[in-house]
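What follows is a short report on a single structure.
Going by the order they are written in, the chains are A, B, C and D; count residues from 1 in each one.
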Amino acid sequence: DGPLAVIAGLNVLEDVGLALEVGSELKRICSDLGLPYVFKASFDKANRSSITSYRGPGLDKGLGMLARVKSELGVPICTDVHEANQSERVAEIADLVQLPAFLCRQTDLVVAMAEATQAAGGLLHVKKAQFLAPRDVKNIISKVGEVAPDLGVIMCERGTSFGYNNLIVDMLGIGAMHDLDVPVTIDATHAVQLPGADPRTAGASTGGRREGVPIIAKSAVAAGADGVFLEFHTDPDAALCDAPSCLPLTGAADLLKTLKLIRELVTTG
Amino acid sequence: DGPLAVIAGLNVLEDVGLALEVGSELKRICSDLGLPYVFKASFDKANRSSITSYRGPGLDKGLGMLARVKSELGVPICTDVHEANQSERVAEIADLVQLPAFLCRQTDLVVAMAEATQAAGGLLHVKKAQFLAPRDVKNIISKVGEVAPDLGVIMCERGTSFGYNNLIVDMLGIGAMHDLDVPVTIDATHAVQLPGADPRTAGASTGGRREGVPIIAKSAVAAGADGVFLEFHTDPDAALCDAPSCLPLTGAADLLKTLKLIRELVTTG
Amino acid sequence: DGPLAVIAGLNVLEDVGLALEVGSELKRICSDLGLPYVFKASFDKANRSSITSYRGPGLDKGLGMLARVKSELGVPICTDVHEANQSERVAEIADLVQLPAFLCRQTDLVVAMAEATQAAGGLLHVKKAQFLAPRDVKNIISKVGEVAPDLGVIMCERGTSFGYNNLIVDMLGIGAMHDLDVPVTIDATHAVQLPGADPRTAGASTGGRREGVPIIAKSAVAAGADGVFLEFHTDPDAALCDAPSCLPLTGAADLLKTLKLIRELVTTG
Amino acid sequence: DGPLAVIAGLNVLEDVGLALEVGSELKRICSDLGLPYVFKASFDKANRSSITSYRGPGLDKGLGMLARVKSELGVPICTDVHEANQSERVAEIADLVQLPAFLCRQTDLVVAMAEATQAAGGLLHVKKAQFLAPRDVKNIISKVGEVAPDLGVIMCERGTSFGYNNLIVDMLGIGAMHDLDVPVTIDATHAVQLPGADPRTAGASTGGRREGVPIIAKSAVAAGADGVFLEFHTDPDAALCDAPSCLPLTGAADLLKTLKLIRELVTTG
């Protein structure tokens, strides 16, 4: 029932200047609002629809950029791991080590990430797969518990398959995951994706509904989410990945203030 | 962007004393909160899973009970119509004449209800079917507009089919219906039903998740719903219909206060 | 495990000449193949997307046309009922009295149809709603059994809601309904509809995938369906209702022959 | 339009004796029926619900067992790859190198497998993810085509997410994938899984509906599938992985004969 946690930043690292600009602005907003803040950006987008999509700077360069954001801004970092052998290096930098949704049932990856994250003193942020029922994340939590019993796990709702080319967020799923004694965050950015349906590329990348992001965020916080995961850009339409669901940085202060107030309402009610 | 409308009362009419007790308490709470209030109860449950389920007092007796609630409490009334030939009699009493979800595409019923409701000066409250996409309610609105161009229509979200024996609420659907220039309400009570899955009766009636009702209500108001539809009882487990999703009347004041505050937050934000 | 039953004809009655032409050709084909044949056509389309859609000749004129098909061709008739008070008149003419999918849980309609059909010596053909799990049709069968214990009921699969604007056929549902000791038919024509998605009318009528009809029919017969429900036209694109899912009459003989052979394979196997 | 391809064997390698027994029996049956046969077994189950589930003999021992089946029985081999760095070793033994459903959008894995399989002269067997629309597999095919333009790709339907804890097979998806000019197989064994719902382990492993396997196989072949993927065991209830959806080897001859005849019917029809 603490304050709303904010995991926010870029979809994917572009250049370090953008990362610092977005991170410092979000840090300032969260500081003003009294909300804990974690900077998020991916160094690699390993599951793009097309082979020609922008993938990011990669592990070496990307971790260097994240380390610089961490030290210059003094903020914790969230980034995702795609292969078991990346776990230790990522856990050195990231405070919130993120397991991608499509990969959340790959045992070797879960085990490697859990061990590395516990050793480094971080937390595990698990995106619930689009094909998984909320209560079934108990199997992931159990896997983690067996190899890293002291590791904190946070579950993240990012939408569930609903027919073809659509995701839907089950607000009752937040409570179903809370019942497993883990904090729950809402990834409102990915939850509005329209898989395989970006009309700008005839389906070669994933579409989105940018105007839906604040709605899903507000709804989920009202439903009890403990944190919110959001992706911003100074020029959303020019974002190199997932532009259709990217929010303008200029709107961050208003949205986060509203979310903070909803959180207070539903936790003190 | 006005205050949150509250359509609330009983699932189905039982005896008039209960209706007056529930209606007067909800009227008092809404009055204290400055929220417009409409008393809701059905006189017939025409689509029960089993032929032996309680169906209510029927048209004659039920309209009499609703008329008494209306005059004694001085509150507007919402109730539903199941056959075209009931439209005129219902529209005489009900201020909000409700089209059931399963029937929302039956043209003759829509036309009869629209004509009778416009003539009587009421509004039409349309439950979006579980099998209908939010944007496709435009066809219902068009049908109404052709025969009753001055009639106000309110769309109600009550959950969408999600696999078997489950409903899910698409919070982005509220905005999709707003785009059609109609107010949108959330029926949080029916939205938590588990169709055909009440374990107490081995599937012969519909189950529900009572604890989910406030979550769906808060989420939907945060997402922009203009009104909330809720069913209460003084003894929910003893409710003669849909007990598993019925809320205790004792919790109404706290829930409605929270919903009012969320509404204010998201409309002034 | 008998021969495949064929319920086939027109979506909606247009003129009697067309009904006789389609019915006589289908009768001839089924006779050649040794398959029992029932002529199907609706006299009213009561649930159109738009108020301006063609609805058919109506009850009086429509039943007259069906009576003429019945007597001139000597074939049994299948047509649907939309309101309880139509039941007796329809049951006088129709041998297979059909309950529409959206209405399959309306108790008064089910009861009236069951009583009238039993009295007239017909059978009840129940379209499983798009929002209903296969095993939950047991509640419909129970309702019928309580008022018409000697009435034969046939369940018809016509697709299940799958996200928005799409239907999907669960081939395992055929067995789930067989487990309730009723014959099961496949309505391959309606199963390929794309609700609310006919691009020719910007969503004001329902789209379809004509090329999918034979696929669904073959699949379902392979999965154990005892009968097939199909709609034809001499000029499918000119059909006054549901043209996108209408088959050309010229293809009927080949399709029915293939279905007959699949049926023989899976029942003798 | 050639004969039905049969990819069949074990879910996971147990001991080499079982693999040889199952493989030789299936080879014999397919030879009698004139059907091309590929032996399938996994060396590792990398995405189990629980960390304590049996995972198989692993890469080294497993490839040794598969090599022995290949040489002793003279049959081609199908097995799956879970990490990019396994690709070359697997492609040396396997003729049909299989990409798992959950991983089908992981670009590095797709690229590594495509390159290794083309180099080794094999074919790629891609399981369509449960969260992917059939037409969207074009992005996977494009990725493969860019790095391995001469590599043959076969798409495999294994069910699509349908609500929680359920899969459904869209028979129209087979044609949608055929439209991309690739052969399509049906994995009838995994298609009947009930994810996260094995009542024997309270959700710690995945349930299934063994009796549904032949139904899905027959339906899909009737719908146009070019090949069938099936898992057998001499003692299905004792299978170390996915027992609820495993078929008895004793039923293989009858089922494959029926499938062969359906294939002939629909390709000559």
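The rule we apply is simple: contacts are C-beta pairs under 8 Å (C-beta built on N, C-alpha and C of every residue); 3 or more make two chains touch, one makes a residue touch a chain.
Only a predicted model underlies this, so the values are computations on that prediction, with no experimental measurement involved.
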item	value
Selected interface, A-B versus B-D, where C-beta contact pairs are more numerous	A-B
Matching chain pair for A-C (criterion: over half of the contact pairs shared, by residue number), options A-D, B-D or C-D	B-D
Interface residue identity across copies chain B, chain C - same or different by half	same
Centroid spacing, where centroids are CA-atom means, of chain A and chain B in whole angstrom	36
Chain centre separation (chain B, chain C; CA means) in Å	33
Inter-chain centre distance, chain B versus chain D - centres from mean C-alpha coordinates, in Å	48
Residues of chain A touching at least two other chains	160, 162, 164-165
Complex interface listing, chain A residues touching chain C	162-166
Chain D residues within the chain C interface of the complex	160, 162, 168-172, 174-175, 192, 209, 211-212, 215-216, 218-224, 254, 257-258, 261-262, 265-266, 269
Touch list for chain B against partner chain C, complex	46-52, 55, 82-84, 102-103, 105-108, 111, 129-136, 138-139, 142-143, 146-147, 160-161, 164-165, 195-196, 203-204
